[in-house]
Amino acid sequence: MSFFKKYRDKQDGTIRFYDIKSSWIKFISILIFLACIIMVVIAIFPALWVFLASFKDIQEFRRTPTLFPNKYNFNVFLKTWNELHFLKYYLNSFIAVAGSTICAIFFNGLLAYGLAILKPKGYKIVTGLVMWSLLIPATTSMVSLFVNITRVGLDGTFLPLWLAAGANAFYVLLFKQFFEQLPKELIEASELDGCSNFKIFYKIVFPLSVPIVMVVAIFAACAAWSDFLLPYLVLSNTDKVTVMVRLFQFRTSNTNDVDVLRAIVFSIIPPIILFTIFQKQITQSVVSAGIKG
Amino acid sequence: MREKKSSSILHSISAWLIMLPGLILFAFFVWEPLLESIRLSLYTAKGIHLMDFVGLKNYIAVLQHPDFLPAIRNTFLYTFWSLIIGFLIPIIMATFITETVHMKSFFRVGVYFPNIMPGLATVMMWGYLFRPGKTGVFNILLSALGIQPFDWLASPAWTIPLIVLTMTWKSAGSTALIYMAGMGSINPELYEAATIDGATPWKRFLHISLPSIFGLGKTLLILQIISVFQILYEPLVMTNGGPNNASISVMQLVFRYAFEDYNYPMAASLSVIISIILVLLTAVYFKATKGKKPEYSTN
Amino acid sequence: MKKFLSVVLCFAMILSLTIGCTTQKNAGTGSSAEPQSGTGDKKVTVKLGIWPEDTLADDIKMHEGFVTELKTTHPNVEIVPSYYKYATDTFVSLAASNKLPTVFETWYTEPQKLIEGGFVADITDVLKEKHWPDQMNDSIKKLLSKDGRIYGIPRDGYALGLMLNVNMFKAAGLVDDKGYPIYPKTWDELAVTAQKIKQKTGEAGFCLLGKDNAAGWHFSNIAWDFGATLTKENNGKFTANINTPEAIAAMQYVKDLKWKYDCLTADPTKEDWASGFVNLGTGAAAMYIGANDAVNQPTQVNKLPTKDLALVPIPAGPKGQYSLSGGTPYMFAKNATKEEISAALDYIEIMGKSPMTSTNALKGMYADARSRVSKGVPVLPVFPAWTDPTFLEANAKITKENSNIDMKLYQDYFDAVKKPGNLHFEEVGSAQDLYSELTKVIQAVVTDKNTDIPKMMAAANTNYQKILDEKVNK
């Protein structure tokens, strides 16, 4: 049977290529394969359903017990897109994402460079402070943070969102771990050449760090796209509302269900595109970020 | 010698200068708000303006509030269910995908898919999926099997497990990938040696595969507990804490105090209590991972 | 070097702390400073939070007309449209950063909280100059005042009634020979009627709220009809009074709606104020408790034709019939100057929402009525938030001229609320906390057939008393 042929090359896992001779193991393998298909169906079905249900109108959605819509008309999406001004939210979200990603790389990268390579006297205290800030949930001090932001007059602008991405302990940690593995000789050599600390960063360290920069960029972009509590507090009632803020506002608004469903569809399209392009890097980076624990 | 010393001071100063922007941001966005929270929790306030120092009065008010006990109880229930559901499912998923050879990368990408959906969109989506009545998606599926519609989130006993299930749906894929990497790095010779000793595949799984991800599991478990402890949006959006406080979480209480009642001191007090609990949990984590630095997986 | 580090860190922290402290002080003194008055042609900027949302092109046009009108008498006033939808989670941020619009609309539940927090301006003096306070409905004035000072004016008053989806009554055969719905006069009748509708149409007969505090809010009205008073006041001390036979009977009634009559929507714990109107508007529920100021919800928002909406009196209970009433207030930013507030009030006059009956005010009322007609929102008589007879008369005339409804579908409601003693203001004490406790009991009784109501109500009573003692009985 050709299904089992491929098992001869199986390199990992408990079931080895030589086990496959047993018909019991064959049976188990088929079951496992089916289970995997079911897993993927479960993973994808809800999003698919949201997309399908978005074609319904409010009467149909509320009253007819069917999975699939009566008719497929893409104009309903266009209508919701225009009525709710989603183009504006998209643009705002892109601005927020771009700024946050840049800040996340730049500020956290520099801080990690100091902690991992330069190690000036007293750096251990900072390392400790940064580590401990991983533990305190951001939401607990949201109120005070927000008060601070209004006091310095940054509310109603993207600036606090961008800069907040520049103070992320998790990214500092990722950078730090990567920098610590860089070959010390290169850095020492350039130090002897009289390069300044900053020059070493952008001439030597940064070019060597493209993989980790990619990882942080992807994480930061996804996080910035999905973030809504701080943006909600900072940007509500301005013309800078982002997609997620708009979504959160549905909680207290009178928009009807199908428009909300379509808005959910709009909100997941950009991440899906990003994921399709970078799926390999993303799945890789999860592993590399997670496994070190 | 003197030259070396002055250059090392210069080196230090420039190093601190390089770190300064990051430090200022950390001070502004993380550390100062935290100190401010602690301060706020000891005062009364009019809006956000501090009024009088009242010591621990806000803490007492928080502890005596009728919603506090249900919230704490639920938060531990969330944690409990996430141990049952959220911890085991990724391990099972990782095992299954490791043990197939067909469409492996498709499975890997497929199960990771929910992870890329924005959290808020996920929560809202599941709210719709769990709609009760005959037009709810799951009830449509049930009725296709000839089963009566179910109340889902409206039945108090099911609310928390179902919310944990949706959280697991979102995060299991990424956790499974980490376990898969752990399983993939096991030396094949171990299995071969065990086979020669007559171990069945099941025995090999129990004695080689599982133990090899034990350490990983321990870490991920504690990280999971810490993150579930902060659950907020799932109950906030899906059930608003109901029915009858069956799903309210402590973070949701913070949200209520701050953003619905404008009672910032009480919000701050509860925040501080939560932070203390988290620090304690982390101490456990340090102990379990033998003094390693804390590390967060992405979700 | 360690020293250097700690200096840097301390510096950063102290810096942010002091920034906080100094600006806080500034805000404090700034707000208490009396704005100077007298200079007539000084430029005055008014930020209008009551400007329509950018999706409502027609309304914006109407307001642009109002602005032109205002400019003719107030050339020094500049109007800045800044649409603001009140939401609890963003309000404080705006207030704290002095970014609130000069005038904004809030909810009936909020005034006391906003006054207490020091977020809104005292407008007593400006109002007195215009002689408006005497014309304000006394109970509404009480709602918007603290210690004799007034902090807001009512946009309009409201009283809860029962909204009907007439189509569904037709479908269930519950109409008289002229096609008017035969609606329930008592809560018992409501249960039976709702049950009939559910059996005939398969859709809910009644939409009961159970998701958030609005559930307790609606319930308090039911409870009054059963003879309950949920909070007692004695010399400024409040006592929770939830655990009474009357309130328990009302809760038992709610439980029966779910388990005995089974006439509700699938999951009442998912229903909130807005989703109730969705159900009513889309024909997923035939009856819903709603007020006269929310008739745009089923119609304009959820596309129910005006002819299919009826508003009838709240059913009576064994101990009477009350209609919970209140007002949607306009309130003013704390940092607004006297001139700004005055200009904002003049704008409100032009909108026809003041007690004035000047030509401009009448024009405004007329324009408002026309815009309702074009949006498919029922044009209803106003609720007497202002008591001036000339005003009421003028308003009644304009309403009649622009009528787009069959008054028969509304008349009983307006007759009922005019009966003395029918209007009932919301519970005293800490109403939102009362609602929160009641909502929990409602959630329990509609999700668990075996709920022990007296036990739950006793617990709610204890909880509410605790909060009262903590918050208001000091």
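Should a chain be cited, it is by its letter among A, B and C, assigned in written order, with residues numbered from 1 in that chain.
Note that a residue touches a chain if its C-beta (ideal position, glycine included) is under 8 Å from a C-beta of that chain, and two chains touch if they have at least 3 such contacts.
Composition by chain, UniProt nomenclature: B = Sugar ABC transporter permease; C = Extracellular solute-binding protein.
Worth saying up front: this structure is predicted, and the values here are computed from it rather than measured.
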item: Chain pair with the greatest number of C-beta contact pairs; value: A-B
item: Maximum centroid distance from chain A, chain identifier (CA atoms); value: C
item: Computed distance of Cα centres, chain B from chain A, in Å; value: 15
item: Centroid distance [mean C-alpha coordinates] between chain C and chain B, Å; value: 38
item: Inter-chain centre distance, chain A versus chain C - centres from mean C-alpha coordinates, in Å; value: 40
item: Junction residues of chain C, two or more chains touched; value: 1, 4-5, 9, 16, 20, 24, 89, 96
item: Contacts with two or more other chains, residues of chain B listed in rising order; value: 12, 16, 23, 28, 31-32, 36, 48, 134
item: Residue numbers of chain A (touch at least two other chains); value: 62-63, 120-121, 126, 147-148, 257
item: Touching residues (chain side chain B, partner chain A) in the complex; value: 11-16, 18-19, 21-23, 25-26, 28-34, 36-37, 40, 48, 93, 95-103, 106-121, 124-126, 128-129, 134-135, 137, 139-141, 143, 169, 173-175, 177-178, 180-184, 186, 188, 191-192, 195, 201, 204-205, 208-209, 216, 219-220, 223, 226, 230, 232, 237, 251, 254-255, 258, 264, 267-268, 271-272, 274-275, 278-279, 282, 289, 292-298
item: Contact set on chain C toward chain A in their complex; value: 1-2, 4-6, 9, 16, 19-20, 23-24, 54-55, 82-85, 87, 89-90, 93-94, 96-97, 99, 203, 274, 277-279, 282-284, 297, 301-303
item: For the chain A and chain C complex, residues of the former touching the latter; value: 58-59, 62-63, 83, 85, 120-122, 125-126, 146-148, 150-153, 155-156, 232-234, 236-237, 249, 252-254, 256-257
item: Interface residues, chain B side, partner chain C - complex; value: 12, 16, 20, 23-24, 27-28, 31-32, 35-36, 46-50, 61, 64-66, 131-134, 136, 149, 151-156, 239-240, 242-246, 259-262
item: In the complex, chain C residues that touch chain B; value: 1, 4-5, 8-9, 12-13, 16-17, 20, 24, 27-28, 88-89, 91-92, 95-96, 113, 116-119, 210-212, 265-267, 269-270, 432, 437, 439-441, 443-444, 446-448, 462-463, 466-467, 470
